[in-house]
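Look at the two complexes coming up: chain A is in both, with chain B in one and chain C in the other.
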Partner chain A sequence: MSEVLTTEDQLLANFEGWLNQRFEASSSLRAIKEAGAENFKKLGLPSRKSEAYKYTPITKVIEKNFDLDIAESPSDLTKSDCEAKFYQDADANHLVFINGVFVEDYSKIISASSELTIKVLDDQAINEHVELKSNLGQVNGSQVDPFAALNLAYFNQGVFIKAEKNTDNKNTYIYQFIDGSKQTVLFPRVFVYGAAGSRTTVYEKTFISGEENSLNISIVESMVEANAEVRFTKLQNYTNKAYAIEGVYAHQDKDSRFYTNTFSFKGAVVRNNVYINIDAENCEGHMNGLYQLSGKTHVDTNTSVDHLKPHSYSNELYKGILDENSRGVFNGKIYVRPDAQKTNAFQSNNNILLTDTATINTKPQLEIWADDVQCSHGCTTGQMDEEAIFYLRSRGIEKTNAKALLLNAFANEALNELQNDLVKEEIEGIILNKLK
Partner chain B sequence: MSKDDQILEEFTSKEYEHGWSVDFEADEAPAGINEDIIRFISAKKEEPQWLLDWRLKAFKKWTEMKEPRWPNVKYPDIDYQGVKYYSAPKQDKKPKSLDEVDPELLKTFERLGISLTEQKRLTGVAVDAVIDSVSVATTFKETLSELGIIFCSFSEAVQEHPELVKKYLGSVVPATDNYFAALNSAVFSDGSFCYIPSGVRCPMELSTYFRINAANTGQFERTLIVAEEGSYVSYLEGCTAPQRDENQLHAAVVEIYAAKDAEVKYSTVQNWYPGDKNGKGGIYNFVTKRGICDGDNSKISWTQVETGSAVTWKYPSCILKGDNSQGEFYSVAVTNNYQQADTGTKMIHIGKNTKSRIVSKGISAGKSQNSYRGQVHIMKRAENARNFSQCDSLLMGDKCGAHTFPYIDVENNSAQVEHEATTSKIGEDQIFYCQQRGIDEESAVALIVNGFAKEVMSKLPMEFAVEAQKLLALTLEGSVG
Partner chain C sequence: MLKIDNLHASVEGKEILKGINLEVKAGEVHAIMGPNGSGKSTLASVLAGREEYEIEEGSVTYQGKDLLELAPEERAHAGVFLAFQYPVEIPGVSTTNFLKTAVNQTREARGLKSLDAVSFLKVMKEKMKLVDIDQALLSRALNEGFSGGEKKRNEIFQMAMLEPTLSILDETDSGLDIDALKIVADGVNKLKSPDNATIVVTHYQRLLDYIVPDYVHVLYQGRIVKSGDKSLAHELEDKGYDWIKEEVAAL
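And then the complex of A and B:
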């Protein structure tokens, strides 16, 4: 089973065999995966001319850097190795993924199943949970991105997280361990289902070891039922050999709230697709993010908020600090469909370039078909304010410290929706460290 | 039916004012495009060989190109072989003065409200009128030539100043720049040429008036403006077309070259026939406009008021190559009924300390779609570049759409780039405020919308501002309900 990741056909060449090894002909998951492969074939890998991947020629990157086996590679990591990396939060669930596969044995799940179901996303889960069966791979936007389709075809043992009705749940941490001692491509998948009136909070963090290239094609899907709340936060502090194409797709029902935070610091090429579908009234959708990059890191953020129904609110704030030869790409879309009157949608993207070798490509896009709405987007790109630096220096603060102070304040705004002190402290630490 | 609905109804059922055609004999090429047609046009114009070669090269490239479909507009496929690429009002010989111009033709312009004689006497605006692709008459030529300014039809320029035309033609918009520019380069039949020698400040506004008259014709004019060192010119362009059921194609190219310390101001009031209220007919307006600030401290300013055309696809752009050069783009785009507009600008910052400013106001009503698409590109060498963009949209009614696609690419850390966009409708509180002070609803709407577009309108030259305001008022009265 050695597939060469060059073209769509080659990618799927051994798909049948891969599938046969793992799934019975009668498996419901098998049918879903076959549909995923079919969809991937139809969509094809993005070419240079695809608008969605205009500034990130991802297909080229993959062709150039990978010659991979799509088998999940085993790892020598032990349970205690993993546990050592857990956040010091005893009253929480800790889930371990190794090379894109959910390892239940290594995970620590303390929530009662009457409140929060956490189980392997496999045939059994699909047969037991009709809401999973009907929505897996169907959540908005995940049908239009070829990598989401590819993940659907190849993911093996993701995790299914379901908050039962009217439960307020403990934090759930997901740790992705990637063994980069040899080239890997991995397909982790997470499905978060927030039943009516529930509250769920999930944090994801990735650890990469080894010196080889890794390609992480990760998908998170979330269905948020009426009056439920889901918060999903992702920390991307990878290595210079790590390539990632990650998607967060959410669908909101009435009176629901969805929050997503993405913090990107390091990686070779990272692409984030964040799509929220607001398909009911009185919803709130929040997207926040920070990309603080250096070296040759390339982070491409592609977001979309689709307002389909009236009386909803969305807010989006992305901040970027670009140092050395890094490149930031931001494409934010807001759609307000004809029925979505009284929508309030806001989007803001602010960037600071620290060197003249850093580049930013930003495209804040509004598409509006309803008249009684308030929508705005703002986008700035600039440098540090000399006067502010002078002010601080005149008060005895050294130039580098003054700069760090100002940049830290700039970056911190992106942390506004982050409620977890442990994660917040860690991220603040990374920000400060990078400013030194 | 409420009062508002009535007003809206009245407005939406308003017929296109300029929708009439005059029957004068036209000298036409058969429909279709091929090398022979191009040779025919070129021969008709008695063009030199190099220009014919240039056209043929563009045509060859055009046949290899694909029609762009990325703009946010929808229209049925255009039958390029069904279009007549050359249609000239028939004249026995070239008129020497206005008195010799076909009186029928002059009447046309009078109906348009731009009587050449009238303008000559009253406003002091020099007009070059282009009807169905061919330049008809140019006023004030002598006054201008005393200053060394050349303002004439394109074909005349080819005959009399071939060295200038050869030097600048295609220097800003290459023949193969894009699909429609290539088509234009192959078949353009006339247009205006304007040359301001160095140090001359053009004493009057130069103006071109375009009109498509014959059925089934396309209009492919080409404007070339060259401003030499330290010169200044303000250029106006206006257009109308008769009302017809079929769609007509307008693919123009405008090139502006600004040398050191030169300043060019280009204003357009575009009022092509937009189609009827069911979206039938109307002009497809696919225009390439670009200026280059080649010398240091030069400046190019685009101002446009777009009210017509069924489909508009147009991005007047500035290449800011000289240090300290400036580019400006002010636009009001109004769409109604089934009109679609995808318009905006490109500001390419290459030189140091370059500045650009974009103010775009989109107003959509009826079932129209209005898009702003723009790019601000700060290149690596562009130290201390500065850009400010503002795109505001106003929606009237719940069947229309407003879209914004700004591309911002920054490669230099000393650049300061700001973009902001808002979309809203006219606030009830604003109207209430006006009504409280005794201003009726209709006037309140006009007041608010005029305020909305004021920043752009104030950039228009006097003569145009009046026309533009009238056009705006037509579109906007009573559209809030």
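And then the complex of A and C:
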């Protein structure tokens, strides 16, 4: 009688061997990774009834499209291949990941380590940085998502970015290169630590080559100390062979600011988990996003802002434009805990469906235990405003241009917190191109 | 310039215009008056090309062309302008940017060179004076959060920028106080020339003190039931619309 392996078992089948090859028995990271695997086993993959993955049957998607053989795949990408894709920003750090592994040799780091430490997230980094060791895999609920746990088990050489106290830092760009010439499952991991009074800005962009399916299970953790600011922006313009489950987890200390932007344009199935913990007073948390989809692309956005202490502010704005057979899912939670009096929390999700076959499932969720707060949430879904189109046409603007003008204005609101002109121009270009 | 012949139009199966005949020549100002629900705004909308109206019968010839065959933007390119009764608020698009696109697409369609940023601004400055509109208003999102008067003034400003041959003002006076009304009317009068024509659609005679019509038509139950000169407007102001209704009923 042959034993039927569960998908969880298959994913962990080679884990021991994989671990033994890379980590000594005494390694600190090894213990963390073993705990990650244990946690993954305990959590299990989301079932059909999972509330968190209700509209994205992620387990089925993985079973159907991947043979679940976890092994790092080598790639022929050269340093100059990677450099050719860098943003033209000389006064910045450019970090290269290939198939989920940070490649320091291919990266260009110009920040002084007295200001911004950028190093491989490995045993050495763990041993040298207690703030990393004590928080890795622990930031704000990343323990409760099975994919975050799986990433913790399997990530190999992530990147640790630490802004030292009171430093105002250069931009850091992270380029994720996914070589899909072979089917691949990858586990990039980024830890951004903003020490008190510092400012850090990170942009992430992904390049996918090859014809095979890729599954990107990516985790970003960020600790934002008192009066620090961290900004993290993601550009997801994938291919229809690209599957991704990506988490951004942030924890904010007092007087801090955290901004995250997510721009999704293409992919097969993309799930974004964005969770901010506001665990102190006088913080600002901002989440902005745009999903502008076509074809059969499916993008599921799951967010949460948890206000634990009084006098903080959060603002969340997600915009969706859904064309052809694409599907968007938005679930935004705001928690205002009993202690979090005088919280101001705002959320809005607006969607435009361009065809009868595009769909959106949107669900804002507010849970408020404090009584002296200002909170609002709202979601709208509709077609394009025919009256507005007619108005523009009656002024001589051709129909397709009128639509593009309106949709572009609609989408651009999601770019309000994006400060980088290079990235902004690129995103505006993608938006306009998709409207043609 | 414009010849409307036995025009019938309906919306959602309900016939609103039941045989309109009207001829407008260059240099003329026509006022179309009538009680609420008589079809005034429908006529304006049909002329501008609003798509929800079904043309059942009749024709509209504009400068020798079949107007009803043209898309709304083509009508604009041909020189037809509708000042909306309820100008639409467009978030995220500034009036300046919107007008630059509109003016240049119209110029291109007319075989003229597009205006560069500098010459566009120059033209804009001139026309701003005409309707006494503020620069700050134009950098804001189009009509968003504008007062009623600001919206209407913005309509006339757009009209000035697009230099139409046939302007249709749909209830431009509704909701305006007397000062705003004067500014709007003043703008319209300054734009008048022997080569262009204006159709003023209004419920009240008040506007016609400032934009003096050559002809006044009364629209009732989808037909023009009476035409005359500006004295007809005064008669309507004094006596209301009931006597018109009675006359029609007696027929």
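Some notes on this structure:
Simple rule for what comes next: the second predicted complex is superposed on the first by the 429 of 436 C-alpha atoms of A that agree within 3 Å, B and C clash if a C-alpha of one lies under 4 Å from a C-alpha of the other, contacts with A are read in each partner's own complex, and residues count from 1 in each chain.
Keep in mind that, in the parts below, contacts are C-beta pairs under 8 Å (C-beta built on N, C-alpha and C of every residue); 3 or more make two chains touch, one makes a residue touch a chain.
Note that the structure is a prediction, hence the values are computed from the model and not measured.
Look at chain A after the overlay: chain B and chain C fit there side by side.
Contact comparison for chain A: of chain B and chain C, B touches the greater number of residues. Touch criterion met: A:N361 reaches chain B, while chain C stays clear of it. Of the two partner chains placed around the shared chain by superposition, chain B is the only one that A:G382 touches, whereas chain C remains out of contact.
Touch criterion met: A:L353 reaches chain B, while chain C stays clear of it. Contacts of A:V373 after superposition: chain B is touched, whereas chain C is not reached. With both structures placed on the common chain, the touch criterion links A:E413 to chain C but leaves chain B unconnected. Between the C-alpha centres of chain B and chain C, as viewed from that of chain A, the superposed structures give an angle of 70°, to the nearest 10. Contacts of A:K399 after superposition on the shared chain: chain C is touched, whereas chain B is not. In the superposition on chain A, contact is made by A:F390 with chain C only, not with chain B.
Superposition on the common chain A brings chain B within a closest Cα-Cα distance of 13 Å of chain C. In the superposition on chain A, none of the residues of chain A is touched both by chain B in one structure and by chain C in the other.
Of all residues in chain A, only 51, 338, 341, 351, 353-356, 358-383 touch chain B in the complex they form. Chain B contributes residues 70, 380, 393, 395-425 to its touches with chain A in the complex. Against chain A, the residues of chain C that register as touching in their complex are 48-51, 71-73, 75-77, 81-82, 84, 87-88, 90-93, 98-99, 101-103, 105-106, 109, 141, 158, 162. Those residues of chain A whose C-beta lies close enough to touch chain C in the complex are 385-388, 390-399, 401-402, 405-406, 408-410, 412-413.
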